[in-house]
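The first chain written gets the first letter, and so on, giving A, B and C; residue counts start at 1 in each chain.
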Amino acid sequence: MSFLLRRVAFYALTAWAAITINFFIPRLLPGDPVTALLGRMQGRIDSNAEHSLRVLFGLDQDTTLWQQYLDYWGLLLRGDLGLSFTHFPTPVSEIVDQSLPWTVGLVGVATVIAFVIGSLIGTFLGWRRGTWADGLLPVATFFQAVPYFWLGLITIAVLSVNLGWFPSSGSYDRGLVPAFTGEFIGSVVYYGFLPALTVVLSSVAGWVLGMRNMMVTVSSEDYVTVAHAKGLAERQVMLGYAARNAVLPQVSSFALSLGFVVGGTLIMEMVFSYQGIGYTLYQAVSTHDYPLMQGCFLVITLSVLVANMVADLAYALLDPRTRTEDR
Amino acid sequence: MSADVHTERGALADAGPAAAEPVLEVRNLSVDYGFGDDPTHVLREVSLTLRRGEVLGLAGESGCGKSTLAYAATRLLPPPGLITGGEVWLTNREGTRADLLALSDAELRAARWRDIAIVFQGAMSSLNPVFRIEKQIVDGIVAHQPRMRREEARERAAELLRLVGISADRLRAYPHQLSGGMRQRVMIAMALALEPQVLIMDEPTTALDVVMQRQILEEVMELRERLGFSVVFITHDVSLLVEVADRIAVMYAGEIVETAAARDVYAKPRHPYSAGLLGSFPPLHGPRRELTGIPGAPPDLSAREPGCPFAPRCPHAMDVCRTELPVLGRTAQGEDNRLVACHLHTTASSTEPLPPSLSR
Amino acid sequence: MRNQLLFLRNGKVVTGLAILGFFTLLAVLGPWISPYDPNQVSDALLSPPSAAHWLGTDHTGRDILSQIIVGARGVLVVGLVAGVSATVVGVLVGVTAGFVGGVGDESLSALSNMFLVIPQLPLIILIAAQLPSAGGLTVALVIGATGWAWGARVMRAQTLSLRKRDFVEAARANGERTWRLVLAEVLPNLTAVIASGFVGTVTFAVLSQVTLSFIGITPVSEWNWGTILFWAQNNLALQRGAWWWFVPAGACIALLGMALTLVNFGIDEIVNPRLRSTGLHARSLRRRGIRPRVGFTPVVREARS
């Protein structure tokens, strides 16, 4: 139990740190982009919303820093992330609310698929090391070195523009009304296939290489030799004993590299104009919509933390050593 | 498969009480370490016979090839180990003999654990940390008896734990919840699950304290009486072997340098290395004697010199020892049932008498 | 010394270093060897590769090969600056954490874990977008300031294991000062890990910077490979089938990333002998026609010489 408690405490601390970073960035960085924008909005923005923006961006210089910090937390706890400049006067929280499910669906599903496929391939490569399977390593290395978004460009060029198999942008057929119908869901899957494929292609290599190296290490552990000595079937030794243990560090590195992977896959949404939070962040950047940018960062970070906790929970389920009271 | 296929060395190594038939015969087993052009020869034509019901001790300093022999005989040696020659004949319960090195993967897999089981050196790392004890015992049973129901296998596992003196409710425990001694007992219980013909124990007690060592050994010996398996007991502690083994084979630098009945090795060592080895451990019983130890360290097997590998450390080394490799043969005293690989014994009668430490 | 020779005998490392050397040459000589000024417009609008323009031109007739050659400098400088700054921070934090132990270690580890878990790219975007001018060097420093955590984590683990080794214990028992101990005994033994962390950070920095340029955060007039892709994406290169516009730049990034990964593999094989021996074994086994299987020692009955 103490393992999970320690992790939860760590994530709480990290969430606090991320929020605090978000508080300080506009206050510490030179330049003051928001004042100009507020000036342009003069008259169109009600005083309440203007106050929120002043708190969020550190323009409330008449109060102490501590008071500013408390006000800031007050806003966040009420779910007030300010108003978006581009989509004025839509609240940031509303935009984020709409885009987050798309990201969780696309990036979440694709990342999990990539992790599972990558770990399976890595298991196989590690087990068959020294055979033809080693020939797959350079391929994996290449895919690991390719920038995510470029792979997106290439798949669009080949599968969408040249072959016309998939749409190159969007998340569902705009002629349909969003509803829980077979047609709509089919359309979402159809539009999501290409971006998901690219996410899988670009992130799978890392999991393959990680798992392969772990398998090489674990295969020489004593308990694997004992499993062989017991005369267990090869599949059982490979999956039940070697891969079962090699996947543990893989899961903990899954948690740690989630931030990195998610960062890369968000760019994929930009390439595919997929209406998730990454694309929203992109739009915010290109239109200098600072409140929306901050909101996106906060939500992305908090989602990654939640995903991390899920990964830790999985780890605790997989490794009995984390569950006992002693140690 | 009878005596007529024995090589001369094999036949000599067989010298022993003629009553019991052999269950495990290792013949001229050679093992290289390294797949490249310049491998290290870690085992050189080692022959060894284990008879039914016997406890055979394998002694020597670490790095002399004891464990390599055990792993290679079951083809469990990890890379870059490579078996370059020899045979390992195992008689199973039905009386059929088969060469483990010539079996297909499936046949060898079937023979492992059912006919020949191993208790490995580190009980800490031999148990998979993420599985309950129960699953690890049951896995081995079910793999060989696919028709057995899991509940039956589970009952068998409980029975095995009781056999080694652990209460059956520990089945649900994970390895990290057990003490070192308990883990080693679990390993022994696991190895006995299919009532194998041969049990190889590779330094099974080195990580434990002396009291625990004795306790576990006594238990194993008691179980052997009851279940009738044969044991290859590997340890660097000769005085321990003298207590439990019927026969002892002393290894040095990847070769067997002396084999004899345990009490003979203890009372009358014939190889200078055996004598030195005995001098480096306190006897468990009997009068105290001064511990001497052997000066120097075992040779680097990757840079072998011609001649006897023990010559640089041997107090009785002669010129011939540095040029010619001695082979296993009779002792200078011409005793039955014992062999030694030492030039002192081949030249003793003609030139000078044996040193007193080797001629008791 | 033997380790260094081993390092250079490794085929992967040599390939990686050769590619790196090539790009370094481009970065140094770029403006002098590029056939055109990368900003010079011409009448050949969006023309495919030809003798005059080896990699074709963009929508305003600018030469793409020249953009790639000139852009190499931007990529490498940012990679290097970010790599160095992140490695310095990583070593400081990691070695300190590993050496002081106790509460100091706990809090420094928590700090680096935090930076690991917080998604870096969005954070970098957030910071870079609010800066008045996010030029190459600024971006490099931002990447360095956020990307040190992985290195620190590895360095801490390595320092911890070093601290328990005999020679460090001995030096400590001799009453050597801590900072001398770190400089003389610990750091030299961390070389391989530091190198590997540095190479990893450079890879990350290159990818981040290119990504930032691609989404238009860095000034679009500063040439690097990401900027080329930015122009390509914003001028519908994909839809117009202008593959020469976006394939070469991406391929260069991939090639550079691969070269860095190869060098890192070489370092890994030195740090982890188990991985190295696996590679060596594979080769000699293939030559001897042995098919290795885990759990079954191969048996070869060859005539002994």
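One rule holds in what follows: contacts are C-beta pairs under 8 Å (C-beta built on N, C-alpha and C of every residue); 3 or more make two chains touch, one makes a residue touch a chain.
Keep in mind that this is a model prediction, so the values were computed, not measured.
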item	value
Pair joined by the larger number of C-beta contacts - B-C, A-C	A-C
Chain at maximum distance from chain A, centres defined as averaged CA atoms	B
Chain whose averaged C-alpha position falls nearest the assembly-wide average	C
Chain A and chain B, separation of their C-alpha mean positions in angstrom	55
Between chain C and chain B, distance of the C-alpha-averaged centres to the nearest whole Å	51
Centroid distance [mean C-alpha coordinates] between chain C and chain A, Å	22
Multi-partner residues of chain C (each touching 2 or more other chains)	278, 281, 285, 292-293, 295-296
Residues of chain B whose C-beta touches two or more other chains	76, 78-79, 105
Sequence positions of chain A contacting 2 or more other chains	130, 220, 225, 227-228, 234
Residue numbers on chain C that touch chain A, as the complex places them	110, 113-114, 116-123, 125-127, 129-132, 203-204, 207, 210-211, 214-217, 229, 232-233, 238-239, 241, 243, 246-247, 249-250, 253-258, 260-262, 265, 274-275, 278, 281-282, 285-286, 291-296
Residues on chain B engaged by chain C in the complex (per definition of touch)	30, 35-37, 71-72, 75-85, 101-102, 105, 108
Chain C partner contacts - residues on chain A that touch it in the complex	10-11, 13-14, 17-18, 21-22, 25-26, 29-31, 33, 127, 129-131, 134, 141-142, 144-150, 153-154, 156-157, 161-162, 168, 213, 216-217, 219-220, 224-225, 227-228, 234, 237-238, 242, 255-256, 258-260, 262-264, 266-267, 270-271, 281-282, 285-286, 288, 290, 293-294, 296-297, 300-301, 304-305, 308
Chain B-touching residues of chain C, taken from the complex the two chains share	277-278, 280-281, 284-285, 288, 290, 292-293, 295-302, 304
Chain B - residues contacting chain A, complex	74, 76, 78-79, 105, 109-114, 117-118, 120-122, 125-130, 132, 139-140, 143-144, 174, 176-177, 190
